[in-house]
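First chain written, first letter: the chains are A, B, C, D and E, and each begins at residue 1.
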């Protein structure tokens, strides 16, 4: 496999490490393996969900794909184009086609810019529109995400959370990208607003043929929104499958735990949480074996010594676990 | 008043530079030993403020409780002196907060902070207090608690910190525990652990629990009674089963509809339109009417605010559109205890 | 603490203040009045001023008598026998006992001044006067770093035929020599001390005077105690008219000194100095400009509150003159006499005196202060009269002379302190008044010096305090051979003046010489190379427990004459 | 902790070298030649030359290229630049140009006086302002708060000179509560230090209290304060235990920054109260262009500052457990 | 598909920036408005002096020397019989010029250095941090004196440095450190904010990010910082005047206090009083506005309403 193979995005062996500096001379004493060998394909026009608990490297993966964080190793194709080796110029081109929506609707908008500037800036930076045309484009974009053009000259702090997230989406859409990384776009929103945004994203996908990498930790949201789901644990993808497949038939113990931990909105069925022991372990220390083994009830010697690879156990269903052999 | 903790018509206001914010507007609820009251509602609807009002922790001078009563074991907490209320606070009514990251003092060890609470309310020697602290940490499932008492908050993970908070709150065996979004900042797996823990502890000690959250699923898992708040007011108040079986208020209904549920795959969710109102400029009449799918055009909804009525036994509601609302008697709190549900 | 003990032991302590810091106490290096006033209690020179007699008069000090000599070129000094240096550890040969003073000590001290390596400020005293000394200086200058100066190297003009005889041979007549030999820098220094203390000699004065240094905390205080081995000296038995009435002769013939201990407190600011004086923590004090009205009433009398406190006022003239000098080589002011005159007439001197000195100065008509007998009280210098109308007329002439509108004139002022600034403001105002724009350029002393020495100033503010009672001291400032970097900062050149100066310089004091001085001064008055402003008048306050207090403008080592009425002080301030 | 301290110490090295560089640049740019001042009334050319030689101004600026080309390495580095670094770093200061005292001796003899003034002043200032800030923070929003803050702002608007003039005249002279001026070492010192100390504290109080109040109020908005109250702690206890210790973190950072500013206060106080400290020494040196002294003072005060910073960093680590981990 | 209808009735404020918002908050407090008026008056006076409309004739005597304040002479007269009132007015020019230009210089140095250090991190950051720790470790007053010393009498671009130009240059050149430190800290915070990430994600160049995104977000700090820093600049002018390094040939408040120091004992208190009052009033006003501005722009304080 040398190219994206018809996928909009193909990632292979992606690693992103952050150095840990300690001691008198701030020497590098170790690495935080935030993303540690991820393989991922995102089909054109589809949504791939990425779930996992806090700190498992979801955000880092997303940002690395946009080269906002330098990758340590691995390759990624965006439509037959290598992302990590593109030069500056080419990268600017690529960035017109890949965009990101952030989790925090407050932090991701520059508080000192008007909506018009925020949404118009990408166009300006790429010299795509000027003056009246720019304004018209911005108005169109705002309408597209359901905001009235009357808001053009307002500042982010004058909007509610949901509206701010819409502005962020409008900004991402400005360059007419083909692929958008949605980094927990609804986690910070109120319950009643959350579905508005999800619907909007779905509508946009239908209308514009976008592909999404949808990062979240709320499994219910992901199931609802994504065709395919990847479960991440400590920088590695431990299970990947079509969403129905995954939810009905989770294989990896971590996926099972995760699913069982989701509270069920029904007072009559209490969740029988297979409470995983302990917290997510530290990624900085040297460890061997399966990343999940310290918390896994099924762990055996092999799990502690060797790191399992993703294997296809069913059509489109990949798992990295020795116990599924 | 034979209830353990009951609040009636609580009103709390904040003076801000942009005007007066009524964060809690005539809220009433009650909770009894061994029972859990869940309070749901979206951000800014006054959940935290009502809890803080009970604790007497409203930031002064900008905030003020302007009306209502808080009955605890037969006395009105709002009429007590600061000294008397301190006796109760942390001792008989304890509270844990939303942010496990910042709610612990970063410059003292966790043991120190727990011991402080213990020594304040129990006449114990320092040594014994430390032993008790270790014990309470063990109780909430902190591994190697004897060493962790000497840890600083930053040396613990978020779930660990929240457990420390709970241990601290439970160290004096309070009669009522108010948990303000104890799991919002945590991961699903950790959240499950914490909820499990709360449920266990509550059953063990017959403690009354007030759980504040905006996650209906959490409520379903743990609460007996639910109060749904919208824009500073309670709009629906009933037992958890009643609520989940048949939500009556259009806001509650909307919430349920927009809730993505595992296993129900729909391309589009039903969303409640519009946004949460600004507390500085609440809409007139029913505060939900601009977003209400039922009757934005109704004159009465737009001008008169519906009060709570006992629409059926154990079910209190504030909505003109609900069937039978007109004929029901006004009521703040369901007088009839909601049906018991066996608790796992 | 210390005060109480003194009281118990009845010790007689004199309290003084120091406004500026004492740089060091090596006579060779002392060039400022503050250091001189302190070090003079320790060091003595060949001659000294009579304490009481006015006009000022020299009397022998370490010399036995006035010198003998046939011509004006050779002076033979006989030393007073029995003078010893104060005891000091530097006299290792005698286990710290001070040895006798000999003529060679003078020669040694003077050679030190000549030694380039020592960077003495006082070389001007001897420069080009003594046979062979300039050559000695050249010799020291030629030495490489690390080579030691040979002080045994003979200097022809300085000979000591025996221990008590000092023969000085001059290159040309130098009538002022005795005044300079009353100067502190010419005091003898013990070679042992210099060798023993090395560079720290500045902190370890070893002299023959009435006092010895006991304690010196820089920036804080200096304490001196009586030298037990001080030679026999007696309080003068005669004085000027009025001295007897003033009680200044009560101690006539008594052995000096009286005071057991002298203590200087460093006080840099006016306010605290005045306050401690008013508390009686100082025996005497000048009057800071702004406290004048508190002390003195409009009739120049001490206010009664002050009198009631037992304070006395002494008024006396300073040998000083202050001026704004013109750089005569400046193309604008140097060639434009009407301009200079106009500027001179623009200043209302009586007003100036009032504002800046509270009338503690006299309006100048020329360069020689009234203190000198050469001062001619008859002369009224029209250029020194305030006459704005005439000044404006002259300014018109000046414009013609200049050949166009006058540029802004820059006045360089040495000093950035409050007083300099206020004077600057005053002068600007005065010149403005006659329609002349001036700009004041405030600079620190080194920059100012730099500017003067390189002849790059236009007008500069300056003053001169005479070192000895001979107006030659002032006249040299206008001598053409002394132009910058010499003392003639005006760069004034006048043939007639030079001739007269050379003539007078070699003349001993006489009526003839006085006449020549008058002529010279008239030339200067007419040429107007400077705006002469004022001559200083000093007001000094002292408590009545300070006895035998008579101000002296040239002499410094005067504490030995003074006495404290300890009982009176105790009664008055309780200590 | 040890590695933390070592790292802090190592950080000080470039700072000190930087100070040396700055002083070199400054004092080689100074216009006018100090030689004239030293030479006195009638400076002759040879005297000036001699002074320049003594000051080392005759040496080449950076490198003696001539010596270098001749291969005399040691001589090549005998330049103003390298001598400056070498002499200053080894504290081998020359003698003062005016007093001819070894500078280091002088600094050693004056530092105690400065410290006797500055230390109590500093500690007093910090202690009083923290105390007042706590009171103000406790009474926030009430009229006590408003009035105290107003007084603080008024207090910080009045120039220090006005404080000194007033204090010396009224408190010392008119009322006679303090000696007007002077200094003695030992226990006696406290008698003389009292008034200047008091004035220093009074003049600094305004800005300190105001700043600390902001810090305290910031801290009081933190979540952990709410937790502490929820435990049932009383306000004073929360304030003095929880808030104070956290507030110490920003306070400590600003402490070291304010040390150099103290110097300014001491400068005027030393001058008016005739305290033989470093401030008056510096001022004298400054007025007489005594470069070696100025240079030495800049260097030693910077050294003190760097040391102060080190102490602060350590205090910082002691107060804030999150630091030592780094 | 659009949901414009849903958003039409949302209670959002009128279109105004954070600044406009802060401004409105400021104006809602009487004390702040009064302070703003005071500052405005001072600025107008200073501009008036520059334009030659106010106190042009400050140097002319208006009466006898050392007159007490009276109806005729306002604040009294000084040692040359000049009006203290006029000098006080004129002093506004010096103080404000010094404070303003010193601020400007210090901003010109501190802001870019701080922004660059904070944004680029790495060795550039370390270099700049080294620079400001070094400068900072030399006691402020010593640095000021040394600079004053060096600059006095020099020329800069053919413009001779003396008096006021030295004062503001010196203060500016020595006071950038605090600002630089502050800006660096803030930029460090902002550079990792999501909105900067977003800008990078759509291809913004680094200079555009720094100039267009980061700096506008820290700029308000500069203003708050300087509204409070002004005070210390004015005080610095007083000290420099006392040390003889201040303004000369023109009346400034520092100069007036320096004069007054000695005149007090004549019983002439009015010059000191006038200057202290002027400084006090201006500083008080600046402080109040600075504090209020800080509160108004502090996102923390706004949070309750978001």
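In this section, contacts are C-beta pairs under 8 Å (C-beta built on N, C-alpha and C of every residue); 3 or more make two chains touch, one makes a residue touch a chain.
As the structure is a computational prediction, the values presented were derived from the model and not from experiment.
Novice: In how few steps can one go from subunit B to subunit D if every step must land on a touching chain?
Specialist: Minimum number of steps from subunit B to subunit D: 1.
Novice: Sort out for me whether C-E or C-D is joined by the greater number of C-beta contact pairs.
Specialist: Pair with more contacting C-beta pairs, C-D versus C-E: C-D.
Novice: Taking each chain's centre as the mean of its CA atoms, how far is subunit C from subunit E in angstrom?
Specialist: That gives a centre separation of 48 Å.
Novice: CA centre of subunit A versus CA centre of subunit C: separation in Å?
Specialist: Measuring from centre to centre gives 89 Å for this pair.
Novice: Taking each chain's centre as its mean C-alpha position, how far apart are subunit A and subunit B in Å?
Specialist: 32
Novice: Taking each chain's centre as its mean C-alpha position, how far apart are subunit A and subunit D in Å?
Specialist: Distance between chain centres: 53 Å.
Novice: Could you say which residues in subunit E touch two or more other chains, in rising order?
Specialist: 3, 6-7, 10, 12, 152-153, 261, 264 - these are the residues of subunit E that touch more than one other chain.
Novice: At least two other chains touched by the same residue of subunit C: list those residues.
Specialist: In subunit C, residues 271, 444, 447 touch at least two other chains, as defined above.
Novice: Hey, what residues on subunit A touch two or more of the other chains?
Specialist: Those would be 160, 163, 196.
Novice: Taking the touch rule as given, give the residues of subunit D at its contact with subunit C in the complex, in rising order.
Specialist: 31-34, 36-44, 46-47, 50-51, 53-54, 95, 98-101, 106, 109-110, 113, 165, 168-169, 172-173, 180-184, 188, 271-277, 280-281, 284, 287, 289
Novice: State the interface residues of subunit E toward subunit D in the complex, per the touch definition above.
Specialist: For this pair, the touching residues of subunit E are 130-131, 133-142, 145-147, 149-150, 152-154, 178, 231, 235, 238-239, 242-243, 257, 261, 264, 272, 276, 279-284, 287-288, 300.
Novice: So in the complex, which bits of subunit D are touching subunit E?
Specialist: 14-15, 18-19, 21-22, 26-27, 29-32, 153-154, 156-162, 165, 169, 210, 218, 221, 257, 259-261, 263-264, 267-268, 282-283, 286, 294, 297-298, 301-302, 305-306, 309
Novice: For the complex, which residues does subunit C have touching subunit E?
Specialist: Going by the criterion above, the answer is residues 270-271, 274, 288-291, 293-294, 355, 415-418, 420-422, 424-426, 428-429, 432, 439-444, 447.
Novice: List the residues on subunit A that touch subunit B in their complex, please.
Specialist: Touch residues, subunit A against subunit B: 53-54, 160-163, 190-196, 198-199, 202, 217-221, 223-225, 243-244, 247, 257-268, 270-271, 273, 275-276, 278-280.
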